[in-house]
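Each structure below is given as structure tokens.
Each of the next two complexes has chain A plus one other chain: chain B in the first, chain C in the second.
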Partner chain A sequence: MDNISLLVLAPVLNVQLLVDGLLIGAIFALVAYGLALVWGVTNVKNLAQGDFVMMGGYIAYSMTLVGIHPLWALPVAVVVMFCFGWALYKIVIYRVVDKDLFTSLLATFGIAIVVQQVLNLIFGPEVMIAESGFEVGEYLDGGLTVSNVKIIAFVMALILALIVVLFMKQSRMGQAIRATSQNARAARIMGIDTDRVYAFTFALNAAICGAAGVLISMIWVIQPYFGTSYSIRAFVIVTAAGLGNLPGVIMAGLGLGALEQFGAFILGAEFQQAIVVGLLLVILVIRQIQQSRHRQVVK
Partner chain B sequence: MSVSQKTFLLYAFILLGGILAPFVFPNYIAQFATLWLMILFALTWDMMGGQMGYNSLGNIIFFGVGMYASAVVQIARLYEVAEYTSHSGAPKVDFGWTEYLSGMGFGIIAGALAAIFIAVILGRIVFGLRGPYFAIGTLGAAIAAGELVGAWDYIGGGGGITSLPFPGTGDERSLFFYFALFALALLTFAFLKWLYSRRYVLAVNAIRDDEDKAEAMGIHTLRYKTVTWAMSASFLGMAGAVYGNMAGFIEPLEVAFPTITFGIFMVLMALLGGKGTLWGPVLGAVVFHIIKEFTWTHFLGWQWVALGMLIIINVAYFQQGILGWAQEKWPDFFGLTVDESDTREAVEEASK
Partner chain C sequence: MTKSRFGKVSGLVAGVATGAVAIGLLASQPASAKVEGDTITLGSAISFTGKYSTNGIHASNGYNLAVRMINAAGGVKVGGKSYKLAVKYYDDESTPARGAQLAERLIKQDGVKFMLGPYSSGLTKAIAPVTEKFKIPMVEAEGASRSLFTQGYKYIFAVLSTSEQYLASSIALAADIAKQNGKKPGDVKVAMAFENDPFSLDVRAGVVDDIKKHGMKIVIDDKLPRDISDMTATLTKVRAVKPDLLVVSGHSKGAATAARQIKEMKIKVPLVAMTHCESAKVITKFGASTNGFLCPTQWSETMSYKDDLFGTAGEFDALFKKTYEGYKNVPYQAAQAAAAVMVWKDALERANTFKISAVRQALADTNMKTFYGDIKFSAAGNNIAKPMALRQIQDGKLNVVFPARWATHKVEWPRK
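Let's turn to the complex of A and B:
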């Protein structure tokens, strides 16, 4: 608990943690938005979400190996992950999309294991970072240090989110996706090829995750098994915010980023995962209490 | 040969095979012991996932809780627990068979009781969650349990505890634990066979088919859910108690709460064999164990990829499991009658 008094003594540390948390939280929100999209449209709870993120990260990492700046990996990762997501839908998800929810949960869990292990076999279990070579900026008389790459990643995350939102609002495909999520049957009657919409949504989510992974690989670290914690974070955010609630997802994402930074600082970095998992349980319990108000039970 | 004779022969064959296996194949005794543990895992998971429709991904909690409870009870009879688990360790005490066996007996009982206790408490928290939320919630609980035990220094923390030394020789030791797990698996199977012939299981199945309607019919669903989970937990707790002694060393993440290995295996085995049946999980456990041992020996490095593929293929292409598939294919063999009045052909026939 010494660290709490440290925070009180040096208020600028709070600002540092908050800024770090918000910058990383924007990327969490991006991943969570992808999950909410797939969850809302196809009703598949994608447990491989974080592993798609790691795949994007490794795409950026492999491009730095041949001397290409990781920012150029952004469009590459989007295209590659989009194709990967489409193929995955056609091979696996297509078969479980109308089954019960546990089936799709388990299927995506299987995908998560395969992705993790293949990444591990290719790149090895070491922690990697895609070197971007940006400077570290100092603010508030040197009390606050923020590496510029974090700010760039933050801006990129905002731009990506904006593109996705505009796409959903304006384009024909976006409209079809929204129609399908509202009522798949009615959409089918109106002539929308819902199967294609599902495939597109799943692929779009994979592309979003891939882009987020590129950003993560520049500002943080990637490792084949780190994907799971991103999946859990995305679940925490979506469960807390609710589906189809974009401002809620952004707020929850930023909040989770900040909370994790503070929690890890106060309790120690080894508790970072435990904090996220604990938060998930707390949110599930709160939701249960909320729901029980609506339900009559035999006592 | 009548059906009852066939069943009798089957049971006699399994019993005899189980007793003779360690003597015929002495090199594979550890694999056979694990096989019985796997069968127990699959059976206890199926009580919840198959019969009640509550797909838990965190049943491994009870395994770990039973393991730790039994270890603490066994140690506490002879030592000061905190001293035993500390880095310097406690002074050695000489003890023989009587102390070891009675300690293990107490340990198994303690393991079962602790697991039941946790199941009741946890049940209050998670049983309001339905469907995938239940699965995610229990998965989170299992991961959190491992982390929490790892942070608790009194019971060894992340460093773990060494189990009490076995008084006999190495061969005696492996035989002893083989038969302990064999007996536990048989006990579980016999109990479930008895349970699945009672009215009780009808109520449990009603919860699976439609929980709200079951509630409307006057079934106290929360009580049924808690009791079923507690029964499942008690067997897992006992298995954990035995396995903790067998492993010789208890550690929170890999041995006691192995969520991504044993915790997922138990789900996969039940699904592979066909969930919601008595024999399905047994069959699934045997097939899975053979596949697992095969890939672990011949495709080292790729074994996890193979496992993930198995999960995907199982849930995406082979939903009904081995036994479900066999029941569809040869309903007569299982004494099932197929109601064909609803099939498309029958409806077309009737409309002519």
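Let's turn to the complex of A and C:
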């Protein structure tokens, strides 16, 4: 393996791959956290997760068209996507919340397709970027280059995660969300309007995705159909970390980012996404084994 | 209205005539062309809506302009009579299945016997089996995939260079530069990143053939996934192995991703070549960081090709911009579409009949010079007389630098 020997001969390459992986991994973690939130509270597996991310990206792109710096799109995307999420809940999601798994998967898959097609109609199929104009930093004698926008995105992702965690712990709504996720029926008996909690959770997730999309559009490229790969990543992270396990989600997100980079370096770029899907398979097998053991105890 | 005796007679005549025509068609179908009065109708299913609509409209503008010019210059002379050209269009909605359906409709219902191509290799691939089945010749200008010409099709003729030629010239250029610098072409190290899709793999096949011919060394051979949004791992490798030439092809998403990350990672490779620089608008998006990129093109208005209809390539460019508003640059898709109509005129006049077999033979024998380039078809139907040109981004402008015959500027090497 020539590529592995390259990594041994030039250790700085490891640093580059690791840094790139971790910085992008933070954004994956953010998207995955949103998914875990909705999954845990409403038990809806949102297949349109990545497409919400793309919507956020297009909000940033649209703002650059009128000369506004894409970082300003962050609050805009949060607000717009929150409203979008709320509306979507009221129109579609609330009908499938207490239905079986298949119904909610089908509904969100349908939403994903509609979002993709609408984005394609409005913005066309070409890839777009939101240019931030930030400098690129060179470190370790030019062996390591890190674009400042990636660092900013990383910090933003952390801040957003922190805000969400504080919100969940401190605010009344956050407490209601947690109560509902623990036992929706008990929460209802205690006077919590669970329908409102569901709507809020779904909207919050859309807002988180929107913010992640803004960051993605400044770092990578966006295209109406690119959302699916973010959905898959989010599912991998959540299935690996488990629901309601924020430190786990963050670690899995960062790990996945780094793994993609190393995998693409060693095996070739064609394996970058194959690795993600392969990992999902492995995790599912492991989970299955764990669960079958668990079931034996329950019996 | 009462039916007159004349009406009855004419009805009878019409009935007999229809029967005769039907028998004639059955006996030797297809015998003659869609020629009504003094008009020859060409047919095309092309993308006016959907994801290829931008380029579909460019192409139809090219068709229309050529038709107008040919008609203004006296039309097409067949059997001592002048005919006007017209094009019947259908919108294929950028979907191959619809394209194939509409091609069949053009041939079976509308009686079109001379076809113009759709936009994109995918649509052409869908339509070619239909034209083949009905033995209707099609001159196409927008399907470059090599696989169109390996199926043994007899009725497809393409005026453009095929996809495996797109970046092959960058290998020749790298070999030239190596020689100028007292090195052997065999010392040149090439890094390749191609999307895993039929078009890009065609481009790759051409590049690999030429790399082998020059004995160059492939140091990176990455295949990019379909939804490419990150190339950092590949570019990290590029930084480590320091190739002399980096070749990228992955439609406009590949070009945009590569350009963005080459800038962001400050990748310094003496030569960088990629397809779709123009459609990805890399110059406007990434500015000075794209200087030095080599971008292949089918045609450029600075080339010294010319013909009697449009004049020089430059004159076509000016006329096109004057005719259609909103074009800053004339896309080569429009130029090659116009050339396809010129091929029809030339072939019909040489055939001097509308008999399909004779017209097909005339198309196969085509050997003409146009503002778009020389056109001569191989047995498989692709144009073998016109090379791809390479343009380099120099101070935000695309200048032709290779092959030497068409170069307006010297190649800037190494890339800064």
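Note that in this section the second predicted complex is superposed on the first by the 293 of 299 C-alpha atoms of A that agree within 3 Å, B and C clash if a C-alpha of one lies under 4 Å from a C-alpha of the other, contacts with A are read in each partner's own complex, and residues count from 1 in each chain.
Definition applied: a residue touches a chain if its C-beta (ideal position, glycine included) is under 8 Å from a C-beta of that chain, and two chains touch if they have at least 3 such contacts.
Everything numeric in this text was worked out from a predicted model, so none of it was measured.
With both complexes brought onto chain A, simultaneous placement of chain B and chain C is permitted, the two fitting side by side without a clash. When the shared chain is aligned, chain B comes close enough to touch A:232, but chain C does not.
Chain centres taken from Cα atoms put the angle at chain A, between chain B and chain C, at 60 degrees to the nearest 10.
In the superposed model, A:171 makes contact with neither chain B nor chain C.
When the shared chain is aligned, chain B comes close enough to touch A:278, but chain C does not.
With both structures placed on the common chain, the touch criterion links A:131 to chain C but leaves chain B unconnected. Applying the stated contact rule after C-alpha superposition, one finds that A:20 touches chain C and leaves chain B untouched.
Contacts of A:182 after superposition: neither chain B nor chain C is touched. In the superposed model, A:117 makes contact with chain B only, not with chain C.
Applying the stated contact rule after C-alpha superposition, one finds that A:10 touches chain C and leaves chain B untouched. Taking every C-alpha of chain B against every C-alpha of chain C after the fit on chain A, the minimum distance is 5 Å. In the superposition on chain A, the residues of chain A touched by chain B in one structure and by chain C in the other are 273-274. For chain C in complex with chain A, the residues that touch the partner chain are 51, 54, 193, 196, 221-225, 227-234, 236-237, 239-241, 252-253, 256-257, 260, 263-266, 279-280, 285. Against chain C, in their complex, chain A makes its touches with residues 3, 6, 10, 13, 16-17, 20, 24, 120, 124-127, 129, 131, 136, 138, 142-143, 145, 147, 216, 220-223, 225-226, 228-229, 260-265, 268-270, 272-274.
Touching chain B in their complex are the following residues of chain A: 45, 92, 95-96, 99-103, 105-107, 109-114, 116-118, 121, 232, 235, 239, 271, 273-274, 277-278, 280-281, 284-285, 287-288, 291-292, 297-298. Within the complex, the chain B residues that touch chain A are 55, 125-126, 128-129, 131-133, 135-137, 140-141, 143-144, 147-148, 215, 218-222, 260, 264, 267, 271, 301-302, 304-305, 307-312, 314-317, 319.
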